[in-house]
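Some notes on the structure that comes next.
Labels for the chains are A, B and C, by order of writing; each one numbers its residues from 1.
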Amino acid sequence: MRLLTVIALDGLTYASWLFLVSAGLTFTYGVLRVLNLAHGNLYALGAYLGATLVLRYAAGGSTVALGYGLLFLAAVVIGVVAGPLIERLFLRRVYARDEEVQLLLTFSISLILEDVVKLTWGVSPIFAETPYSFLGRVRLGGVNYAWYPFLLTAVALAVGGLLWLVVTRTRLGKVLQSVITDREVSLTLGIDVPRVYTWAFTAGAILAALGGAYTAPMFSLVPGVGADVLVTSFAVIAIGGLGSIGGAALGALVVGLARSAAVYLFPELDLFAIYLMMALVLLFRPQGLFGEVEVRRI
Amino acid sequence: MSALLETVGLTRFFGMVRAAENLNVRVDEGEMVGIIGSNGSGKTTFLNLATGYLKPERGRIVLAGRDITALLPRSITRMGVARSFQIPQLYLGLTVIENLLLSLAARCAGVGLWAPLHRTESHAEARRILAQFGLEPHAQRTVHELPEGARKLLDIAVAVALRPRLLLMDEPTAGVSTEDKFEVMDTLAAVLRGAEITTIFVEHDMDVVLRYSRRVLVFDQGLVIADGRPEAVLADAGVRRAVLGHV
Amino acid sequence: MPPRIRAALAFFGLLAVLLALPFLLSGWVLFLLTVAGAKALAVLGVVLLLRGKLLTFGHALYYAAGAYAAGMAVKYWDVHEMLVLLALGLLAGAMLSALLGLLIARYRAVYFALLNLAFSMVLYGILLKFYAVTGGTDGIGIAEPTLAGWRPGAASLRIVLYESTLVLVALLVYLAHRFSVSPAGYVLRAIRDNEVRVEYVGTSVWRIVYLTYVIAGALAGIAGALIGLSVGHITPDLAFWSQSGEFVFVAILGGTGSVLAPVVGSILFEFIRNYAFELSPYTWQMTLGIVLLVIIFFLPGGVWSLAQTAARRGAR
């Protein structure tokens, strides 16, 4: 019973992390039909900036609580600066070209951002752990847990809830759905599609950076963090279906629990649990759990 | 006369839209059948179903006695069915002759790895086919550079090069100017007659249908509402109302 | 003189010159050329796939597989024969791509690109994690190779590796050329333009994609074994995503217009990297990113298209 609790709780927190980290990627793909390969780098930027702000302003004593807000601020700053820059200066120019070209473009942005991180923060590890340690630990089901991962879960739920609310209940959401469904028709309806694209990309960037910022207190940061995140995020959204937020949530849950089970029951598999799941799902349902099949009209 | 293509109770809906319902169509070898109907009446759907691009919800499709309902388009093609499209489906980046050579490669030895695509023997046959369609002067141009009418003809040539038993054409003269329509159809008719290919073609132009088909099927909202000789069918008031919107 | 004879003469003439190079150049330049040649084979695989509009961000998977197939043979069976190691690399690349291709060849665009990436990172993880078997970050050394039984001395080894790479590259480039002008090669290009039509003339799109994928995998596999021999040492980094990214970069840099373009691009890249990286290691990737952007916007056909335009102007 204890093992089950551990697996469930571990799975849940890992799933939260996965969702937080993948939501931006799938959202951007859903609206713009572009897979942002620089997603991992935006995550890294959010993490690094967040860590730096915390270390500078919320390192100890009375200012620790400030740290949580600073992490959020870091994410927003990164998103709002990098998002429009990338979308308007570069991405916009290749919408009319092949998907491969778009992938290459975001790939080149990714290469550039890799070094931006190295140039700005160097290669030595950075660890801003006060937000993590400040929350302390709790005993659940007989096991000692840190509180921080539950904060992550809360943030993930908030993000998921917010996205769902915006997309289904607000006017902006209707506009987004229109653009997602049919770009040309949206244009004729008078929707400023280019502006929607910029906002959507920026939102995706903020989400990516948010994932990074709130994860920063958990590990020591090194320049390579972004790449692993990109691959993991892709696996999650491939399972859930590219472009589907709900799919990302489900995918995150599936992978989170699977990996958690693997860690405790089949440790050799834990690295591959996520990819095994992805391969399995894609084998039987190539478009992912909630994905749409693209039909070609002739 | 043996039946080449037969559909039995063919039914296909798209949500609430009836694209085909209980279609029982029989086309014999050697026939030249025209299909008319207003937009959305199910003509293209019929072609898509017959070539395996769409699967019916109910019913069967039989080609020369064989049930082909569950087969993929490429299997059906290999059994002797070829098709041209409303919007020509060609390899834009390749040259006209290369488009044709690929059909020949598919038909003959299968798609091989060693002998080059551009070979003397295949070139001879490709040029012969292009000449039949009046496309020889364009042989080395990329499809990208071709005018609309030529693309239409090439789309059909690519299908004819497969030496099919049954050719399905979706609006062969759409996009062709009125002066050229008859010329194009004359060329086509001569080629098809010479090669003894059974033909079914979807058309909007009534003059073309009158002149080139010996039998007409009228589609309306997924049903066949008339089937007979062109003069008789086109004179019928009900048909005219359904297809042209007026009597 | 008919054009085919002329092309063949030019090809062998060039080959002769290249074969004679070792006696003119320094050991270091020879080494760079050897490495460039080996990697060019992996890039060739990427280029072939790009011809069908299939972009892979995980080709290092087969590169590393080939390298480690050779490495394991050295480590566990004490095999030092080059010809055997190269064959093992080829087989490893071909078999792994034949297996994974069953899943991956169904996909295009984003899925294709990232599925390959995902699997390459899985291999990276395996190579890293199972260090008892693979040596982990220490890697595996591949030393004192023999060629058909003869063991070259330290002095002539570099030359032997260079000449072997040259011959292998020449052979494989030629085979790739045959593939490109065959019906299969053209169907690949046709798939890029119109998959529907390909199916509607009775050809299987999946079959050609799968075939190309296996060929590309085999090429990368033998490239991996070759790099292991040339460098003398292999590490899990061979499977890392940045290696795949490098292959993509060189493919775009060289251009996809010819089977020779990967060789040109690869040589260009190795030489530039050798000197630029020393200047500033923290801006190397940024430089790559910027160059890639420039190519995307101003020179989509890569360096090869420059050569083509120059040749055309010269011919006028």
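As a working rule, a contact is a pair of C-beta atoms (placed from the backbone, for glycine too) under 8 Å apart; a residue touches a chain by one contact, two chains touch by 3 or more.
Since this is a predicted model, take the numbers as computed values, not measurements.
Ranking all chains by how far their C-alpha centres lie from the centre of subunit C, first place goes to B.
Ranked by how close its C-alpha mean sits to the mean of all protein C-alpha atoms, the top chain is C. Centre-to-centre spacing of subunit A and subunit B amounts to 49 Å, using the average Cα coordinate of each chain.
Each chain gets one centre point, the mean of its Cα atoms, and the points for subunit A and subunit C are 33 Å apart. Measuring from the averaged C-alpha position of subunit B to that of subunit C gives a distance of 44 Å. Multi-chain contact residues of subunit A (touching two or more other chains): 298. Across the assembly, subunit C contributes residues 196 that each touch 2 or more other chains.
Shared interface positions of subunit B, i.e. residues touching 2 or more other chains, are given as 89.
Those residues of subunit C whose C-beta lies close enough to touch subunit A in the complex are 50, 53, 55, 57, 103, 106-107, 109-111, 113-115, 117-119, 121-122, 125-126, 129, 196, 241-242, 245, 248, 252, 282-286, 288-290, 292-293, 296-297, 300.
Contact residues on subunit A toward subunit C in their complex (touch as defined above): 29, 35, 37, 90, 93-94, 98-101, 103-105, 107-112, 114-116, 118-119, 227-228, 231, 234-235, 238, 242, 271-272, 275, 278-279, 282-283, 286, 296, 298. Across the complex, subunit B is touched by residues 178-179, 181-187, 189-190, 192-194, 196-204, 208, 211 of subunit C. Contact residues of subunit B toward subunit C in the complex are 51, 72-74, 77-78, 82-83, 89-94, 98, 101-103, 105-107, 111-118, 158-159, 162.
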